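All chains are identified by letter, namely A, B and C, in their written order; residue positions are counted from 1 within each chain.
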Amino acid sequence: MALLDFASPPVSSQAAAAPRDTLLRRLLRRPSAVVGLIFFALIIAMAASADIVYPDDPLDMVAQPFLWPGQDAAYPLGTDMLGRDIASGIFHGARVSLLIGAVATLVSLVIGVTTGAVSGYYGGRLDAGLMRVTELFQTVPPFLFALAIVAILQPSIPTITFAIGITAWPSLARLVRAEVLKLRHGEMVAASIALGASDGRIILLHILPNTLAPVIVSASILVASAILTESSLAFLGLGDPNVVSWGGMVGAGREVLRTDWYVATLPGLAIVAAVLALNLLGDGLNDALNPKGARR
Amino acid sequence: MSEPVLAVENLSIAFASGRTTRRAVHDLSFAVDRGETLAIVGESGCGKSITALSLLGLVPPPGRIDGGRVRLEGRDLAALSEAELRKVRGARIAMIFQEPMTALNPVLTIGEQIMEAILEHERVGRAAARDRAIALLERVHIPDARRRFSDFPHRLSGGMRQRVMIAMALALSPAVLVADEPTTALDVTIQAQILDLMDELKRESGTAVVLITHDLGVVAQHADRVLVMYAGRKVEERATADLFARPLHPYTRGLIAARPRLGSGRFGRQRLVEIPGTVPSLSGRPSGCAFAPRCALAEVACTVAVPPLVAAGGGSVACLRSGDVHVPEHRREALDA
Amino acid sequence: MARYLKRSLGQIAFVIIGIAVINFFLLRLAPGDAAQVMAGEAGSATPEYMAALRQQFGLDQPLYVQFLSYLKNVLTLNLGYSFRQGMPVSELIALRLPATLLLMGTSIAFAVSVGGTLGFLAARHAGRLADTVISSVALVFYATPVFWIGVMLVVVFSVLLDWLPVGGMASIESGLTGLGYAADVAQHLILPALTLGLFYLAIYTRLMRASMLEVYGQDFVRTARAKGVRPRRIALRHVLRNALLPIVTTLGVQLGSILGGAILVETVFAWPGLGRLAFEALFQRDLNLLLGILFCSSVVVVFVNLAVDLAYTVLDPRIELS
C-alpha cells in the first residue's frame, strides 16, 4: 500500500495581521456602551468635583426655599423646601451612591466569589452545604432583609453598605460556581494537580482568572442594583442622616409633590442616569467579552 | 438521460462581515438523479454543510447565495418567493441533521412533530395526519409505533431519534433528501442501521439522496457517486468505485490514506496517516490551488492560478498534477524507515 | 413524586430554621438586649419590668436555650406580640397579607403578559426599529427606581390630571359594597400595580427577548424551517414554548425581590399591605413585627417556589419530579 508524503509544513495562520482588538476598542464600537461610558464618566466627574464646585455642606440652607429650576441662575436646579441647593445635593449624592455601590459590590464579590469557588472546586458535601446556605439567602427577600439589618444596626454608611453587600451575593456565588465547575475537570487543572500545585494556588491562579469575564459583567450590574437599593433605603428614611442621598432627596420631595414636584423629580433623574449607565456598560462589556453571546 | 431531480449550477455562497465578503463556496456544480446517492465529502470547514443548507434556501445570515442556481425538478429555487420556497421545503426536498439530540423540539411529542410536517403542506384532518405519522414511524422500524407516537424526544435513544428525523423528512415523499452527517453522532452499530434504513427507503421511493459526510467508509458502502470538496471548491467528482480504485486528486489520496481501516494490518498495527495542516480559514486562503500548501506534489504553477476542473477517469478533477499522483520511490523508502 | 415531596419538605424545614437563626441573631445585634428593645416598645422601662421581661422571655437563660424556645415559638407561628399595634404579630400579618398578594398578583400578571408580549415582538423583529424602541424603553424602566416611578405617576395622574386617587385601597367614606366596592378598589389599585409592574415589565421584556433569540439559534428551529413550517408558527409553537421556561424560573427566583418592591410601592401609595406594615414597624422600632414580616415573606417565597417547580414539570416534559 502506497503512502503519500504530505510532510511539507502546514500553512501558518495568517489571521494575526489585524490590529490588536482591545476591550476598550470593542466597547467603543457599540453606541449603547458609549452612551453608558459617557454617563458613567459624568457621574464620576460629579462625585469627584463635588467638594470643589459645591464646597459647602449640601444639607445647609443656602437660599430661600422653593426656588424653581432656572428661577435663579445661582441655583440652576432650584432649592427644596428647606432652601437647600438641589444641584449641590445631586453632586454630593453622586459620591454617596458610588461609594456605597462600589463597596457593597466589593463585599458581595468577596463573599460570592469565595463561596462559589470553594463550592465548585471541592464539590461534595461542602458544595451541598454552601449551596443550601446560598439558597437560604436567595429565599429571604433581599430588600426586606437589608431593611431589617439597617433598621436594627441604625443607618450609617458602613451599615447600609454591609446590609446591601450581605444580601446581594447569592447570584454571584451561583455564577462563579457554575464557571468553576466547567473548569474544574479541564486539562489545565489536571496538569496543575499533577505538578503538585496546592488547591489555593490552583483556584487563585488557574480557575478564578478564567471566570473573570462573567464576574466583571455581573459586578457592573451589581453596582447598579446596589445604587438602586441604597436609594430605596434612603427613600424610606433609612439613609445615613449625616450625608445627602438621592433617594433621601426624592423621599423628602414627596411632601411637596402637589405644588413643587421638581424637588422629587430631579434627584430621581440622577438615579436613573447612574443605573442606566452601569447597565449599558454591563451589556456592552457582556457583548465585548463574550462575542459568541452577541450573535444578533 | 432525463433531467436530474436536483441540479446545482455554478453555486457561490458568501459571508459578509462588515465591509469584507468572504466566499465559503466557489462555483460549485453537480447534479443528482432519481434514486441516486451522491456523497459530498471533505474535512470540516470545507463548505459542505453550508452547501447542504443552501439546497433548501436555508443559508443562515450573514451568509447568502451570491451566484449560480439550484434547480429542483426543473424549478430555479432562487426565483421563488420565501412563501413558495417554504412550500417546497419539507415537501419536495427534505433534510436530516447531524445531531438527533438537539434537532427535535424537546417540548413537543415526536408524533406532533411528524404530524406538523404533514399538516403544514397538505389539507388533511388531524386524525388522518396522525395515522400517517404512525405509519411513518412503522416504516422507519420504530417498534410499538402507536405508543411511541406520544413520547417526547428525550425518552428516545439517539438512533431512534434519527429514525424519527428520517420519518419526518420522508413524510411527504420528497424528490430529494439531504442528509448532513446523519450518523456522525451515533454509535458505530447504530450508524450502519440508519444508513441501511436510508438505502432501503431510497430503493422503495426513488428519492435522490445527497449525503454529506467526512467518513469515507460510509461513502464506499452507500454512495453511487462522490464529490470531494476542499476549501469551498469541488476538487474531484467520480463514481464511487473509480474513486476508491484510483483517486486522482492528491487531497482525495490523502483522505483515503487517512481513513482508519479495520481488517488491514496485523493486530491494529496499521498506519493511520494524517494529512498535515488544516483547511485554510476563509480569510487565509492562498491564491492558486487551496491545497497546495499541504500538498507534497505542489509546484510553482499550482500557486499561480486555481486549477480548472477537467474531465478525467470517468469524472472530473481539478489538479495540475493529477497525472503524477503516485508516491516517488525514494520518499516512500524514507517514510518506511 | 413522594421522593420529591420529601426532599422539598426537607428544604422547607431547612429554610425555616435558617431564617429563624438569622432573625434570632439579628435581634441580638440590636443595641441593648431584647428586653430593652421590648421595654422601649412597651413604653416603660423600670428595672423591675426589665427583670420580669428578661425572665419571661428567658433572657437569663443560656443562648442555646433561648434559641430553642425562639425556634419553638416560630414553628408554632407564635411570632411575638406587637406592643405598638396591640396585637399578636401573626394576626397583624394575616390581616395585611391579602392586600399585598392582590397588589403583587396584579403587578406580576401585568408584567409577565405585557413584558412577555413586548419581548416576543422585539425578538421577532430583532435588529429593526420595533426592537430598538422596545429594548430602549425596557432598559430605561429597568434602570428606574420603583419608588420614583410611583412618585412620578402620582404627579402625572393624580396631581396634574387628577384622574386617579393618590393612595389608599378604597375611598373611606364611600360606604360602597359589592361591585361598587370592587370597582373602587380596582381604581385605587391601578397606580400601585402599574408602578410595581413597570419595573418587572422591563425585566420580562429583556428576558423574553434574550430567551427567544437563544431558542431561535437552536437546532430544532432549523429542523422546523427545513420542514417548511410557517415563520409565525415556528415563533409561537417552537420558539415561544421553549422560551417560556426561563421566564417561569426567573419568576420564582424574583418573587423575593418583587416583595421588596411591594414595600416601596405600598409606602408611596399608602396601600395597607405587608410592606406598609413593615414601614410602620420600622418607624416605631417594632423589631418583633419587622422580623415577623421578614420570616413570613420568606415562607411565602419558599411555597411559591414549590408551586413554580410543579408548574415547570407541566411546561417541560424533560423534567420529572424526583
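Miscellaneous remarks
The working rule: contacts are C-beta pairs under 8 Å (C-beta built on N, C-alpha and C of every residue); 3 or more make two chains touch, one makes a residue touch a chain.
Nothing here was measured: the structure is a model prediction, and the numbers come from that model.
The chain occupying the central position, as judged from C-alpha centroids, is A.
Ranking all chains by how far their C-alpha centres lie from the centre of chain B, first place goes to C.
Across the assembly, the chain pair joined by the most C-beta contact pairs is A-C.
With each centre defined as the average position of its C-alpha atoms, the distance from chain A to chain B rounds to 49 Å.
Measuring from the averaged C-alpha position of chain A to that of chain C gives a distance of 23 Å. With centres set at the average Cα position, the gap from chain B to chain C is 54 Å. In chain B, no position touches at least two other chains. In chain A, no residue touches two or more other chains. The part of chain A that touches chain C in the complex is made up of residues 132-133, 135-136, 138-145, 147-149, 151-154, 224, 228, 231-232, 235-238, 247, 250-251, 253-254, 257-258, 261, 264-265, 268, 271-272, 275-276, 279-280, 295-296.
Across the interface of their complex, chain B is touched by residues 218-220, 222-230, 233, 237-238, 241-242, 315-318 of chain C. Chain B meets chain C in the complex at residues 56, 58, 86-91, 94-95, 97, 99, 102-108, 116-117, 120-121, 152, 154, 165, 168. Note for the complex: chain C touches chain A at residues 11, 14-15, 18-19, 22, 26-27, 29-31, 126-127, 139-140, 142-148, 151-152, 154-155, 159, 213, 217, 253, 255-257, 259-261, 263-264, 267-268, 278-279, 282-283, 285, 287, 290-291, 293-294, 297-298, 301-302, 305.
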